[in-house]
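Just below sit the structures, each encoded as structure tokens.
There are two complexes below, and they share chain A, which is joined by chain B in the first and by chain C in the second.
This part shows the complex of A and B:
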């Protein structure tokens, strides 16, 4: 009881998150004592995919509109970063990376804003098709503006800060920078989405007419969500450019957009921890199964179908995973198994609420344990984010 | 009636409001006045145009004729529903419209959005101001919820509330926008007598403590006759009678309209 109360305090949540964070990092370090090239690639790819999936979750999950052009925004980010590197060569790779990220975010955000204003008047299938068209249009544009973008032969020999071969920091530094970028970005997104803005965006998804009647300027907030989503996808694109060092229009085709949508749906539309976890799992599988590349789409579709059958709302539904809640609720669940009837009668209401949460969080926890090592940074973000998610229960 | 509000400015004043849908005059020359602390009933058979009046008042439709004045300020003809909220009009819906998957607390917090001040950067970076504001409005939301006996459900999803409580939550959300005029569209629909009685007391409480003008559409005649001081009756979009509950109850034209429409 007192322990429970202590855990419910605002700051103890942060302590819990910090401790689990440190535990996970040390676990990952123990499992992988030497940073191999393959490990670097996996970690950085996961970071990029987590960021882009989370950014897509803003529009597809929280705003509730199917967006099929996220790779288009990524392309804009990647190409603005690449072109910036090309025309403004710099000696300090790290500074260059930072500037590239800002440039990519601004340009992708601007495009998102301009595209969003007319498109967001549409809803549902219509919006999905328009965004699909947008993604493809961007790709064609890049392919045909070959004087600037290099066309189908791409932009090559760009600086590769996020790569084990970089001279400045080495593989470990690269992974650290990628993780930091993703954690900071995802942290900002999560804070934004749990603020008044996020609440307003969720209310629009739930009922746009009621949201307007409650004083929410629906169109403005939709455009805002779309713009922010595009901005962070752009940052993901810039990271991608800094990983591979050469970018081609074909990197950002429709199937890439669909990959990200699958990740978001798989994790649960609207759940940020869900997106993080599923992006981690799916990226890991994709990389590990490269020799089964032809089967990738089959695996994705199968995963999606299985989730749809057994857990139609995705892994987490719209809920978020929280370490403190897991600690708070799991012992309660075990206790509940032992002292079934009596307690249940006494405080009926309380247990009803609790069991619901228990089931959800329990599921999450089990999955989290299975994937623990691989989703190191995923949970890190999770933990960081939950630092602020303190009030609620 | 008139004496009680003598010399006062009405909070809501509607003059000769009309709208056509194609050939149909859904609202035909309706005029209303609601004073601070007054509850006015808007009744009439199904399809009489009551909800359409609300939609005109809240900017969902643009009136083809007539004017709407809130607290002395005339409402522009072209206005968006979210801007109407800023002028001090709040409404509930005939078919409940809640943010179903959000918590009860969040449902009310959404309505505070228009008066909250933290900007995007403060929100994304979680500055001290962000936490302070969240805390302040959370407490304010809980205050409003406790008027409606909903505070204990604060962290429950809105869709899990029983029907009667969902209706109350909708009123709570409307109250959170700090309105001057509250428009209630059939708030007692689907409620049992106990719930209706509770609702009546809550509306009475709001009227007394907030001094706002309440315009009420309702089919439950006992409720209307009990709490409304003035009633306007619509039929086929046009007002056919207006007066105190007693006058309306004995009005031949009204009785006819109601009997005629029943099947």
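This part shows the complex of A and C:
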């Protein structure tokens, strides 16, 4: 019990989360030096997808509006970083990468801001359609401004820092840079969403009218969320450009936006750890099942329909995975399962024994179960308030 | 000047196709407040059915025009199925859930057809061969006349149906207030299913018009046509039958004028700009009334 109480303290949660983060990252770094080129590509793709899925989760999950133009913001990030590389050549690849990311974030954020101001007066279906329109319009613009962007034939021979064939760093270094970028960005997003601004955005999702009545400027916070979402999608786009080295408008079509929406919905709209987990799993599956490429979208859309009908909450709902809770709750739940199984066994054997005794034991057990359940609930609530975060990647 | 009329006529006939598709969006949106993303893909399915059925009809020695009926029945059945399997379980769910499901169905249809029939362009079947006639300097193709008259006939039939029949009145009642309608003895589920079937059958008609007008199509027909028809529905005022027709014709004419006088490359961008502009200035559309939000 004392151990439990100690773990429930706020600072010890942080310590547990930090330790598990460090463990995960060090595990990944220990594995990576020996990985093959193919696996390097998988790791980097996962990093990009995690970042973009988490950025979409800001607007789709926390703000509660379906955005169908995330690939458009990725395109802006990718093209602004690509054009920057093209016109401002630099010797230091790493410095170039950093500046590119900042440029991509600033430009994508600016576009998100400009698009967001008029659009976010709309809600629900209309907003979804308008973002779809913007996403497609951005792609069409890139295709048509062929003097700057190269049109449908794309921007090619860009520096490929995040690639297994990178000479300066090697695949290992590339993976490390990708992981670091993603972890830093996701950390920023998470701490923003658990700040007072993040809470204000959550309140808009729960009830926009009540939030407005409570003095929250709804449109301003929506624009803020949208801008930040666009910014990190832009960073994802810049990483993408640095990975494959040549970008085409067709990389950023509607189906790309839908891919990310699927990731966020599977993970649970509003759960950041959920988005991270589902983005990791889905992008791994996508790469591994290339021989099923044609069927992938069919399977995705079928799965999406089934999830929506039978379990619309997704993997985690709006909850977050937390190491502390895993340590605290999971053993209790397993114990509960065991006692239940044993109960069933005992009941079978003891059916002949007098009924009074059985009733008594059952009552006792019910009480015990109640206590356990209450404890678990309290813990979960506590977790929601403190926001336990424990993922490493 | 005669050229201008030519473009106008072309615009009106593409606009007629958009209008017929927009009617399906508008009816479904009016009754369950759902943007049926899969509607465009029902048209794609319809085009494939039309292609298949004409070749069978020709083999049997029947007139290929009969494919209109087959296509409308097939798409109507598809609309009924999607409603029953995917949307009905979500009737009480959040709207975002239904929206995501609709997007998923659209993707499912597109990709299933891409696998089954490949994503290459298919040549449209010849349903009838008609030449053209002249009024003054303007060359008028018969197919344009037919397409525009199909729109006029089907829209008037639909208006009569909605205003005069019991089922049509039930539709209006359900779109006004489903709970009150069910208290008045209207079977809400049946009414919604009927709306889906009518919308999808109109989509079937639109797909026949599409294969008459354009010489080829592929499995992505639905997404581009669907988005444009949706823009049309929003432009005219979503939920309103005259709005869909007005919006469709407007979009069709604007598109053809852009293609003729500016550059065909800019068609999509201008369509999206119209959508964004109308949503920002008057989200209820040209014919719609602004409604205040109630708490």
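Here is the rule we go by: the second predicted complex is superposed on the first by the 312 of 393 C-alpha atoms of A that agree within 3 Å, B and C clash if a C-alpha of one lies under 4 Å from a C-alpha of the other, contacts with A are read in each partner's own complex, and residues count from 1 in each chain.
Throughout what follows, a residue touches a chain if its C-beta (ideal position, glycine included) is under 8 Å from a C-beta of that chain, and two chains touch if they have at least 3 such contacts.
Nothing here was measured: the structure is a model prediction, and the numbers come from that model.
Aligning the two structures on chain A places chain B and chain C side by side, free of any clash. Looking at the shared chain after the overlay, A:136 reaches chain C, while chain B stays out of its contact range. In the superposed model, A:199 makes contact with chain B only, not with chain C. In the superposed model, A:293 makes contact with neither chain B nor chain C. When chain B and chain C are set side by side, the one touching more residues of chain A is C.
By the document's definition of touching, neither partner reaches A:337: not chain B, not chain C.
Touch criterion met: A:209 reaches chain B and chain C at once. Per the superposed model, the minimal spacing between any CA atom of chain B and any CA atom of chain C is 8 Å. On chain A, the surface touched by chain B in one complex and the surface touched by chain C in the other have residues 209 in common.
The touching residues of chain B, when paired with chain A in their complex, are 58, 80-82, 85-86, 90-91, 93, 97-103, 106-107, 109-114, 116, 118, 120, 123-126, 130, 134-135, 138, 155-156, 173-174, 176-177. Across the interface of their complex, chain B is touched by residues 188-189, 191-192, 195-200, 202-203, 206-207, 209-218, 224, 318, 353, 388, 391-393 of chain A. Every residue of chain A that touches chain C in the complex is listed here, in rising order: 64, 66, 68, 118-119, 121-122, 124-126, 128-130, 132-134, 136-137, 140-141, 143-144, 209, 254-255, 258, 261, 265, 269, 294-295, 297-298, 300-302, 304-305, 308-309, 312. By the touch rule above, chain C contacts chain A in their complex via residues 33-35, 86, 89-90, 93-101, 103-105, 107-108, 110-112, 114-115, 223, 227, 230-231, 234, 265-266, 268-269, 272-273, 275-276, 279-280, 283, 293, 295.
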